[in-house]
Amino acid sequence: MSEKHEKLINKKGIRLDGRKADELRPLKLEVGVIPSADGSAYIEHGKNKILVGVFGPREVHPKHLSRPDRMVLKCRYHMAPFSVQERKSPAPSRREIELSKVIRESLEPALFLELYPRTGVDVFVEVLQADGGTRCASITAAALALADSGLPMRDLVVACAAGKVEDSIVLDLYDAEDKLGDADVPVAYMPNLNAVTLLQMDGILSPEEFEKAVNMAMDGCKQIYPLQKEALKTKYLKVKEETKDEEIEE
Amino acid sequence: MSEKHEKLINKKGIRLDGRKADELRPLKLEVGVIPSADGSAYIEHGKNKILVGVFGPREVHPKHLSRPDRMVLKCRYHMAPFSVQERKSPAPSRREIELSKVIRESLEPALFLELYPRTGVDVFVEVLQADGGTRCASITAAALALADSGLPMRDLVVACAAGKVEDSIVLDLYDAEDKLGDADVPVAYMPNLNAVTLLQMDGILSPEEFEKAVNMAMDGCKQIYPLQKEALKTKYLKVKEETKDEEIEE
Amino acid sequence: MSEKHEKLINKKGIRLDGRKADELRPLKLEVGVIPSADGSAYIEHGKNKILVGVFGPREVHPKHLSRPDRMVLKCRYHMAPFSVQERKSPAPSRREIELSKVIRESLEPALFLELYPRTGVDVFVEVLQADGGTRCASITAAALALADSGLPMRDLVVACAAGKVEDSIVLDLYDAEDKLGDADVPVAYMPNLNAVTLLQMDGILSPEEFEKAVNMAMDGCKQIYPLQKEALKTKYLKVKEETKDEEIEE
Amino acid sequence: MSSLITKVRQKQIAQTIDAGNRLDGRALTDYREFTLEQGVIEKAEGSARVRLGKSEVLVGVKVATGEPFSDTPNAGVMTVNAELVPLASPSYEPGPPDENSIELARIVDRGIRESKAIDTEKLCIESGKKVFVVFVDIYVLNYDGNLIDAAALAAMGALLNTKMPNYEVVDGEVKLKQGYTPLPMKSHPITVTTGKINDKLIVDPGFEEEQVMDARISMAINDEGNICAIQKGLAGYFTPQQIIEASKLAQEKAVEMRKKLKW
Amino acid sequence: MSSLITKVRQKQIAQTIDAGNRLDGRALTDYREFTLEQGVIEKAEGSARVRLGKSEVLVGVKVATGEPFSDTPNAGVMTVNAELVPLASPSYEPGPPDENSIELARIVDRGIRESKAIDTEKLCIESGKKVFVVFVDIYVLNYDGNLIDAAALAAMGALLNTKMPNYEVVDGEVKLKQGYTPLPMKSHPITVTTGKINDKLIVDPGFEEEQVMDARISMAINDEGNICAIQKGLAGYFTPQQIIEASKLAQEKAVEMRKKLKW
Amino acid sequence: MSSLITKVRQKQIAQTIDAGNRLDGRALTDYREFTLEQGVIEKAEGSARVRLGKSEVLVGVKVATGEPFSDTPNAGVMTVNAELVPLASPSYEPGPPDENSIELARIVDRGIRESKAIDTEKLCIESGKKVFVVFVDIYVLNYDGNLIDAAALAAMGALLNTKMPNYEVVDGEVKLKQGYTPLPMKSHPITVTTGKINDKLIVDPGFEEEQVMDARISMAINDEGNICAIQKGLAGYFTPQQIIEASKLAQEKAVEMRKKLKW
């Protein structure tokens, strides 16, 4: 969040990657991509490439971490060593530990934890390529992976950031905007419940700018939400077809 | 324990900090300073500032460390990163691990471990500022914290060092004397039982000097002992008054 | 496995240490050398000096690693910090972890694991001095230590390497040959069962050279095998004599 | 941590708040009394202790020389570390920092860093080679709720109390000189945490309230009343309206506290 | 891992193989279909993804500058690391690498290193002082058997896809220039794993077969058909005859795969 | 460790000592036979093995070059590390050093360091920049009681056996030359441990005695009979009189051992 270099937004309000202020990066969502997992999803959000696998409900290890009255959700956000400019050590960094916590806390409100006492569900997030906004993309994909695993959910959780770049509030910052911009506000949201489950901020915003950024981020979430649903539907159509094929074969 | 610089003791036998050879540094003892702990104490011994909290008797984690015939005393001596000249990493050093062991062993003779089978008591020592002699000050405070927790004790343990500085045997070395002096002999002692529960030595002493140093350290302990009792009394007077206040309020 | 320096084999086919191509280094094997262990052995193989201790069958820690239908064999191959040219950190290296695994897997085929369900046996290998071929020497000694512990065995496991040095296939490479040679093929073998339980290779060999090297390594194993048996016999003769002595004393 | 108080007590707390009151007599938007003492560890370059209710946080600052990050060759380095010292609560355990202490450190770090509280460019000794490194160590000495605000306050108090050694560079070597200069500070962020219990917002949650709290949101507010860092925490949610409300509460409380602190 | 499939299923697999067949219809010496995609992680200097059956392995290569080892002052450095990413199997756990991932990394390392696949001398920038360091990170994304071959293949695919930045040395400092050069490669080892079940040898064991496999032997074969690395694994054994047989199978399969890969 | 022998056996040991005898026939103040072999690890710069009863300790010394500590720029560095190798006792476990091995290393370190046994100033190569670093690694190979004395003895034996490589400094680089020089040694401390069982003092406790011992005190005695390091251990205590008595026993035994060792 320091000095400016090249202009990130031109006079017509167009950003370096060709987007308008309130425009999302291209998104690609896929569900059921890891055969060994109970639920899984893959997201490409701009150049971010993130894979999420879900296991459970299953026994909790070590046992004393299990809870008699509810399921324990565990979450690991992890970056591949080759996902960033300088090779990242595979050992979890403090940043990854914090993000694992806030991602978990952004997903918990969507789950009926009390339905599965003494069990655990693991959400493993692997960032294969990072380009700004990985925590939001991780949440969007993790919600899909949880849904894919068959866990009942209050709503999907969908996440997107807004921020401030060269005096404008813009949607969905990529890496360079994140580094050179003035503020970044990642938001996770359950559209049907109008509930914000993750909110963080780096940088400096006036209260008015902040309100504008939160609203813009939620609008971004609302645009991604139907893509999530579409991805789930595609998976289930596919499953249905495969089942049909099998029936035919038989 | 190496080369000499400035004279640490002047011709009149007065040390750089103004003390005589057999004089203690100023001491301040307080009991019951941490509301969340079962027992606690704070000591300022010279510029040493040390906080001790005691928890238990409680369940032992992990369970296989508990003992069917006695209580398990655990002790952690830890220095705050800002307690010393060069910032100390918060990870426990080998020195801290050794001191945790000898402090624990200096306290165990005062306790009736067999009265609380299968339980554990934790003693957490935090050195907030260090100025030579932290292990002794830690023991003095830890004994108070244990007493404050209500555990029955054979006697209080009180600790003090003596050493050799520029050919003199002196009491209660501070940091510079410890580093530039010739020997340091920390002693922990239970005055009522005439029992030495910690004894270490760094440096070189003749058998005669050693005997003198041990005796001087025990004399120091005997001077600190009444201050410990006083600190306990003050706490209980305070508790009594608070209880009285409550009674009046009712 | 890189550039050549001095000639490692002279025109008469004699190696720098005076051996012929198919000649083993001097070997010394001793059984029952660690009083505290359930089984133990010591090997000097060339300049390699390796001590192995075996404990068990005993309870497995932590418990969830135990298996209801068989014994769990654990193995730690560890090098003393002073065993190699540059001091080795005592923390286990990736190499040591890999070797622990392949050594364990080379011993397992000799044991009747299913006879001791829910128990564990630990094999601790300590390399006190290393001079090339430590994994093979470790296996040879570990098999002896297991036999010494009284565990029934299908056969002894015996290990030896062959390799390629300056265009010749040679037996039992020492450190310099290992580093400057072209290939190294360690083999563990159970002679009575004609079973290869460890096989690795570094370097480049044609299929024909490889076959020759494996055969030469197995020949080496067959030469060491009687020395193993001899070492066991010596131990039991010794035990017998000691028992006799005791009887006489009584 | 929900097991630290009984179910009955949990219910009592929630019901009281539902009725617009708090068990310790505060209004929902009241902040507890707090004290800030500076210079409590003489041997550290800077230090401060905050007492907020019975929560007690000590922060020590050490200044050393080191290398800058390659992408900011002219800027000094700040690192924040937090320890939930095991004597501060029966639920804390010794060992490497867990997710709670890491989150605490990173929230405090973010408030200071994003508000540009330290003028890090003035900590550069030789561009790209040598800079001052400021270690901020947060030591939680008693846990009675709302450690985030207490730690953020103690960290700022300690930084404002920090003296850097004077120095000169002789032949590329740093030589210390007599005397000290205060750490160059440009901004004074104050962090305010709001909790949500049964859909009601409360300011500065206490220990027992934290046991029944659904969610919290912490906001660092700078001298101009702008927001410079936010962290939502815990497994609950806020409505967008509640977030705006929390932001207003944070502004108000920061003004009150700033007055008291004379920052 | 023997508990991942039922005893009944284990028996069925073993009996089918005894009869000379495999449950997925392959002959004992058939290799599964595989795909190799290169350049899948644009931001890495090199990358490749291999799918072998349903096993999926992604390898990313990063290139940095660093110091050479003191005994090879003119050679660049390669390090191989493998992670059994916990989403790839219910039996994988997060944490530092265990013996399985270390063995996997070391087998792949050995195949590349011993075949001299990378021309490491060309990675020297300044003898004894500065060289290129090539980090090969193996990421297992789905476990469906025979990870060794899949990882070795993906690692070679990623290295063949790797671009090093152009540079010049100005006053002892490395300055990057425009453009990229491919990593200098000299050899193309291919690793083939053979398993033993009930005394029968099978090529390219699948997930279920691995649950009943007694032993495996992996051989890296270079362009000339020579063997450049071997690892026997698991708690079973081979007869000397089986080892020679496995070596022949590895040669044959490597030729087939090399044809398909056009290496 | 009290569970390593039976209660009955514990009682028997205590009663025997009460009566002034020991189960192995020694008088209370008798030291066991010991042997010191030097040069047992040819590849190490120094090494020695001590057998004391059935306790067996091997010490290897490695010499390397490194940086001095900033407060002693003209002095070489010694570091002592101890491993309770898991094959030495059923109660030892592999893993990072625990408090027992750390204490053992630090007691041995203290005896050598405080007696100034090594002339560390002669290990300086270039003031403030380069010095010799002496690694003393204690390897416990069998545990039969009184490891402290055995380890201290083996460490001194290894140091007295240590050869440093000859070198010259050419253009600031250390170049090794032909030949070796012995490590410069100034003093020969000997450590003697006295235990307390049922208020009786015993010298050189054996394995079984250690299982019932209340407390121990170890003293390093230098060539002049002065004390140069002390460590009291275990959860018991000594009276001041017993400490003086232990000090006298340590003097006596050190003289006896010194004679035997010809130090």
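In this document, chain identifiers A, B, C, D, E and F correspond to the written order of the chains, with residue numbering beginning at 1 in each.
Simple rule for what comes next: a residue touches a chain if its C-beta (ideal position, glycine included) is under 8 Å from a C-beta of that chain, and two chains touch if they have at least 3 such contacts.
A quick note: this is a predicted structure, and the numbers were derived from the prediction, not measured.
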item: Any chain that touches chain F and chain A; value: none
item: For chain C and chain E, chains touching each; value: none
item: Approximate Å spacing (C-alpha centroids) for the pair chain B, chain F; value: 28
item: Whole-Å gap separating chain D and chain E, where each centre is the average of the chain's CA atoms; value: 48
item: Mean-CA-position distance for chain D and chain B (Å); value: 31
item: Length of the line joining the C-alpha centres of chain C and chain D, rounded to whole Å; value: 58
item: Residues of chain A touching at least two other chains; value: none
item: Chain E residues counted as touching two or more neighbouring chains; value: 97
item: Arrangement of touching chains [line / ring / star / complete / other]; value: ring
item: Order of the ring members, counted from chain A so that chain D is second; value: A, D, B, F, C, E
item: Chain A residues touching chain D - in the complex, by the definition given at the top; value: 1-2, 94-95, 97-98, 100-102, 104-105, 108-109, 185, 190, 193-207, 210-211, 214-215, 218
item: Complex contacts: residues of chain F adjacent to chain C; value: 41-44, 47, 54, 58, 60-62, 64, 81, 83, 85-90, 94, 96-97, 135, 137, 139, 141-144
item: Chain A residues touching chain E - in the complex, by the definition given at the top; value: 34-38, 40, 47, 49, 51-53, 55, 58, 61, 76, 78, 80-87, 90-91, 122, 124, 126, 128-131
item: List of chain D residues in touch with chain A within their complex; value: 72, 97, 99, 102-103, 105-106, 110, 114-115, 217, 219, 222, 225-240, 243-244, 247-248, 251
